[in-house]
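A, B, C and D are the chain letters, set down in written order, and residue numbers restart from 1 in every chain.
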Amino acid sequence: MGTASVSVVFWQILVDGFAVSSLYALGAMGFALIFGVSGVLNLSHGALMVAAVVAAWAAGDQLHVGPYTGAAIGIAVGFIATLLTYFIIVSPLLRTRKIREEEKEIFILTATLLWGIMIQELIAYLYTNNAKTVAPIVEGVMSIFGVRTPKNELFTAVVCWLVIGGLWLLVNRTRAGKSVLAASMNPRGVTLLGIELSQIYIATWAIYGLLVGIAGVLLGMFLGVSSYSVGPLTASAFSIVVLGGLGSVSGALIAAYVVGYLETITAYLISPAYRTIPALLLLIVVMYVRPRGLLGRR
Amino acid sequence: MAKLEKRALFAALGASAVALALATPGYAQDSNTFKIGVIAEVQAVAGSSIPQAAQLAADEINAAGGVNGKKIELVTYDNHSSAAESIRAFQRAVNEDHVNAVIASYISEVVLALEPWSGRLKTVMITPGAASDVITQNIAKDYDNLKYTFHGYLTSTSLADSTCAAAKDLLVGQLHMKSAVVMSEDAAWTTPLDAEYLKCLPDAGLNVLDHIRFSPDTTDFTPIFNKIEGEKPDVMITGISHVGVQPTVQWKQQEVPIPMLGVASQATNSSFWNDTNGATEGVLYQAVSGPDVAVTPKTLPFVKAFKAKFGNFPSYAGYTSYDEVYYLADAFKRAGSTDSDKLVTALEATDYVGTIGRIQFKGKDTSNPHALKVGPDTITGLMLQWQDGKQTNLWPANVANGKLRFPKFIKIGSAN
Amino acid sequence: MAEPAHLEVSGLTKRFGGLVAVKDMALRVETGKILGLIGPNGSGKSTVMKLIMGIERPDAGSVRIGGVEVAGWPSHRIARLGAGMVFQHSRPLHRQTVLENIKLALLPDKLTRLFADPATDEHARVIAERVGLDGVLDRRPATLPFADLRKIEIAKAIARNPKVLLIDEPFAGLTSKETAAFSDLICELRDSGHAILLVDHNVKSVSRLVDRVIAMYVGEHIAEGTADEVMRNETVRRVYLGGSIETAARPESSFRDAAVPFLEVKDVSVHYGKAQALESVSFHVHAGEFVSVVGLNGAGKTTLFNTISGLLPYSGEIRREGAVLRGQSAATIARNGIVQSPESRELFVDMTVRENLDLGGQRLPIAENATQMAWLFELFPILKARQNQAAGTLSGGEQQMLTIARALMMKPKLLILDEPTLGLAPVILEQISKALERLRQTTQITVLLGEQNVTFALPHADRVYVLEHARIVWEGEPARFAAEMGTGYL
Amino acid sequence: MRFSSAMRTLLVLLVVVVVASFLPLGVSGYVLGLLTIACYFGVFAMAWDLLFGFAGEVNFGPTFLIGTGAYTAGILDNLYQPPIWICVAAGTIAAVVGGVVLALPALRVRGPYFGLTTLVAVLMLQNYVVVDASLTGGEIGLTVPDVITISDAKNYEIALWFMAISAAILFSLSRSPVGLILQASGQDAVQAGALGFNVTKHKLFAFIISAFFSGLAGALMVFYLGSASVGTFVDITVGVQIIIAAVLGGRRTILGGVLGAVFIIAMAEALRPIGDLANFVVFAMALVVVLLFPSGFFGLLTRAKEGG
């Protein structure tokens, strides 16, 4: 560990890991939510996030708007792209009679995958596949536990938790939100209570869209993305959600921190080159000993 | 049933028909042109300049009456940064569009994949941007088959040497720095680069404290910077090409107090300032050319023309591919024929002053044939620094147009 | 077959977690005999069959086929040793013809066999002829009627000429005519020397065929003997009919809307794929009336209720206060006051009792929501005590009460109760029964109750319908039920 | 009658292949190059279809098998230059071993979970290749010293007939008793077991066959391209293309995979004039097919035979 003392490294891991994990959590929760409600694994997830980032960057770079407007535009684009995914790809596949129920899964996977690649290609075509970063809203650094931390990193963590908190309030304190949560546990149940499932779906995808947009823009400010990030982003959301238990939002939250810290620890203590490997191994182990995931019901 | 099988038959025949349709050549072979295929990463900033610069050169040459009475014609292919697609493009260029030579790619992976094909299809190929020494080492191993490949850009080793030389003058000479940490992405082109760094940095007076290689798909550089900072070096010597924006932005965000100097391909792009939202202020990078650097009398006119025509500055691979078209034409003139072997012989005799310096190739008996000769009287390379959105050259002194300057979060000598 | 092929089971036990699904079961079937294994839903009869077939591993006990101990073997070995099973839900290969589907069952379990030997083809035709599929050999399953699909299953099951043949609910989804034909087929199989185990819900449906019957209840053996003996058996009668029942029916004429009943179902038929789940069912419910639909599990009650709730496509007509319901979404129907308390409960397990109820009353104004909940807490005091506990952690009985309460939170005009007593202890039954009684006394609510437990269904009912194999077979006052339907129901 | 119809299909296949084998007479080396790739992709797609369409296992990681085969062969050749056929054999064996490894979770976890394990397998392989750069060439890729032949025509004929033979084998297998049992196991493992079939054994077999052809094709392709890189053999997007090819061609048809592969590659080529957008349009078309004609090209051809 070079000359850095152990305690310094400890605090560095604690602080950096937290921001990254929060970001993972935000990205994965929506993914978990829509799976719970509509049973859809959306493999265009990464592409949607990247779309949000690139939009925010382009707004700043080409329209020369301020960071706030830029972020807003990014979120809006992520939101719209997500709803398009639902209305163009997912909803038709869920309705169609041409495909047997047991085969719909592979079709939704393939279709969202294709959709994701299309978005990726379009981005590369319009703005090249170079990495893009969003102009941060807050700049400068501050010291936390003696670790020099970019204010932006703290900002990321705070916004993540505000959003997660907001989501929590929404689904636990409002009637509309509660019906969404209920639907994620038992779609049939809400129908019997006179709630239109189709409306729930749209509401869920709308929430998901917002999460995607926000997570994307934050990612763009914090680490930056390129159109190459599409695959890895989807994969990490997918594995976090499986680790937490498909459909369990709280599970995803926990898993995000497990993965986030595991990666950070590996990057610090072993080597940045091996960053993702332990998380993957853990995933395999969990799927052997507890296929349902940490908090999975299905 | 039989009817259905027939349908299947027609369908399959249809498929072969598609193939046949493709067979009809896109371009009729035209003996009145000297054809150059350009295979590039059109979607990447560094790659997008390659066909543009080449086109500029071709237009100029044609305006001046062409070579041996022939016009130069370019055929461009987008390889989506993929080796497989590049191979397909190369096959198309040779078998389909009957080009006489190919200018291909700034990615070592791609060039290495194409190298055997330029041998198989006996077609001259020059890379305007790949760095890996392996390209020319392969030629040394199997000259007769691979002699058709030429390395139109500095090898990693030369890049390292040029960087060390600059570091010696700027960092040790002016700032009295003593120690460095080498930080490169894990890729074939950086293997020889790092090896050379480890040799030449101590010679330049910089003691190498650590040598960090990270995966090219790293997104979070915080751990790396923290580790390096913990080792208190005076400077970070970089070897990055696949990555660029992300480490730079995070370097600025975390206000890592240690300057970055070295090979950072993406930093050579004029758009890098916007891509990083200005985070690149103070970054030092090695290059063979720069927008306002009069390396040779040809440099500035080229940049001017390029800006006029395409609205932005050329990437580093732009300069080289512009030169390549010229010395290909020159070789073609001297060879007096499009025969590949004659072209190779002619190219080996190239002695041409381009935008990046004086172009000469190393001979077949050297350890890396067809690599550019480097040195005071051929190509020295430059060391530029991003200052308020401009790429300012600091080294060598004779072509410098600015002074070293760092953002305030950089603490020079604080480390020791 | 030298020694008498037979199935002998003893001490068979299976636990799922805490619950004992099968407890110390014993049974035996000789060659050329048919044994019926009956029991209401959740009695463990299907589990017994799975244990014999090796689909589930027994925790204890012995299973002997032709004298060979097979307990704990994987099912493919048991199958090859001489057991065949006819699954209730048939899933043939859709891309293959009937003949190929049968051939499949004849194939050796070898990877080396890349070409079926020509004999199998002949053999398959013979089997097809035996089960009466010879007409449709080259058709694809999708183009066949349900009965033929069942025949394919039988053909597959007997392909390896098993000593023992297990048949799960042989007549489910078949029309009366098909049922008859099917019975004959089973008899033939018996005569050709297979030992057959029929699993079904009640004696009646299999009485024509069986030599002996074993009745099960909550995992235990409760009676054995000939069909008649078992039907006369007291325990069995109590399980199916309950003891003596005093009823409190109000005459149908006493309901105002006698002209236009609140709910009217006319010739409704429903199919699952090819299986007939409801066959031109007609009945009606008056406003304020309490109607019980009595029928064994699998008779079609749940299907009927889901159809009314708009969850299933159907032919025929369903009217509410004279207006046609078709075309309204399930949610709309529920919102307008036809509310179901489903057999499967469909609770939100990770939410608290209170949250579940809140969701029920989410369209009520806050104040009204509160009063309604207060009233329900009064109706089901236990829920009040548990109000902040997650629904998933409640006992079965409490969950059932919550399900009913949640439905009532919607202030339904018509409450559909599907199998509220399923698998509940008598004491809980008592509480729910009381609650229903109070509902009936204190409110104008209309109730449509579906039950297999007659003890529970009759006391509250004003009128009773009996649903059997997708058809309504009886209608009348509860008092007449025992006399007219008793045996038929067993 | 069925089997004779299978025979007829094989006959059609033969005719088409024979016709196609004359292409070198009228077609430029470039198109041959394209078709060569298409043939190998066809084999990848067919091998995938055997797993998904018949054994019912959703495998997101075809490139795990392909990559294992390709890299094993490439690295071996790079280190010791044994005869090429030895490298190919080694690659194939390695892939088969990989297939068994991949099968283990499949026999335990289902649906999306298994899908993810396969995805993870790919990511692990990718990580390994990148990390152990000294052996694998890392991100940059591996250049192999030997190639089977440098003649476009020869390469094409090899790929074509390899594809034809693989197609014949895989197709007959799918129509053979084993194929029937596989379908049954894929559709309802419990029932298949109750019919006396050892489901585990048969699924394992499917994985091994699929791995065998994926690995073999991968290894051969290395010696055609003269290089192996993550981007050509391992990357998830390659796997995606294979899956898309199979789905486009039509699931459960084996031969559909070839149509799909030819379509994707031919389209990308036909659309070259529109430049950077070519890929975008190809994927858009694929998406439309998936949404509107779920049964795929081959499905459309044989729809009349399709039941429910």
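Quick note on the criterion: a contact is a pair of C-beta atoms (placed from the backbone, for glycine too) under 8 Å apart; a residue touches a chain by one contact, two chains touch by 3 or more.
Model, not experiment: these values are computed from the prediction.
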| item | value |
| --- | --- |
| Contacts common to chain A and chain D (chain labels) | B, C |
| Longest centre-to-centre distance from chain D, chain (CA-based) | C |
| Chain pair with the higher count of C-beta pairs in contact (B-D, C-D) | B-D |
| Centre-of-Cα separation between chain C and chain A, whole angstrom | 43 |
| Length of the line joining the C-alpha centres of chain B and chain C, rounded to whole Å | 73 |
| Whole-Å separation of chain centres (CA-atom averages), chain B against chain D | 35 |
| Numbers and ranges of chain D residues touching at least 2 other chains | 130-131, 276, 279, 305 |
| Residues of chain B touching at least two other chains | 43, 80-81, 186, 215, 217 |
| Touching two or more other chains - residues of chain C | none |
| Every chain pair in contact, whichever chains are involved | A-B, A-C, A-D, B-D, C-D |
| Residues of chain C defined as touching chain A within the complex | 309, 311, 329-332, 334-335, 339-340, 342, 344, 346-351, 355, 358-360, 362-363, 406-407, 410 |
| Residue ranges of chain A in contact with chain C within the complex | 175, 178-179, 181-182, 185-186, 188-197, 297 |
| Of chain A, residues touching chain D in the complex | 41, 89, 92-93, 96, 98-99, 103, 105-107, 109-111, 113-115, 117-118, 121-122, 124-125, 231, 235, 238-239, 242, 246, 273-274, 276-277, 280, 283-284, 287-288, 291 |
| Complex contacts: residues of chain B adjacent to chain D | 1-2, 4-5, 7-9, 11-13, 15-16, 18-23, 25, 42-43, 77-78, 80-84, 87-88, 91-92, 94-96, 108-109, 112-113, 115-117, 120, 132, 134, 138, 186-189, 191, 215-217, 242 |
| Touch list for chain B against partner chain A, complex | 43-45, 48, 80-81, 186, 209-210, 212-215, 217-224, 226-232, 243-246, 249-250, 253-255, 266, 269, 271, 274-277, 279, 409 |
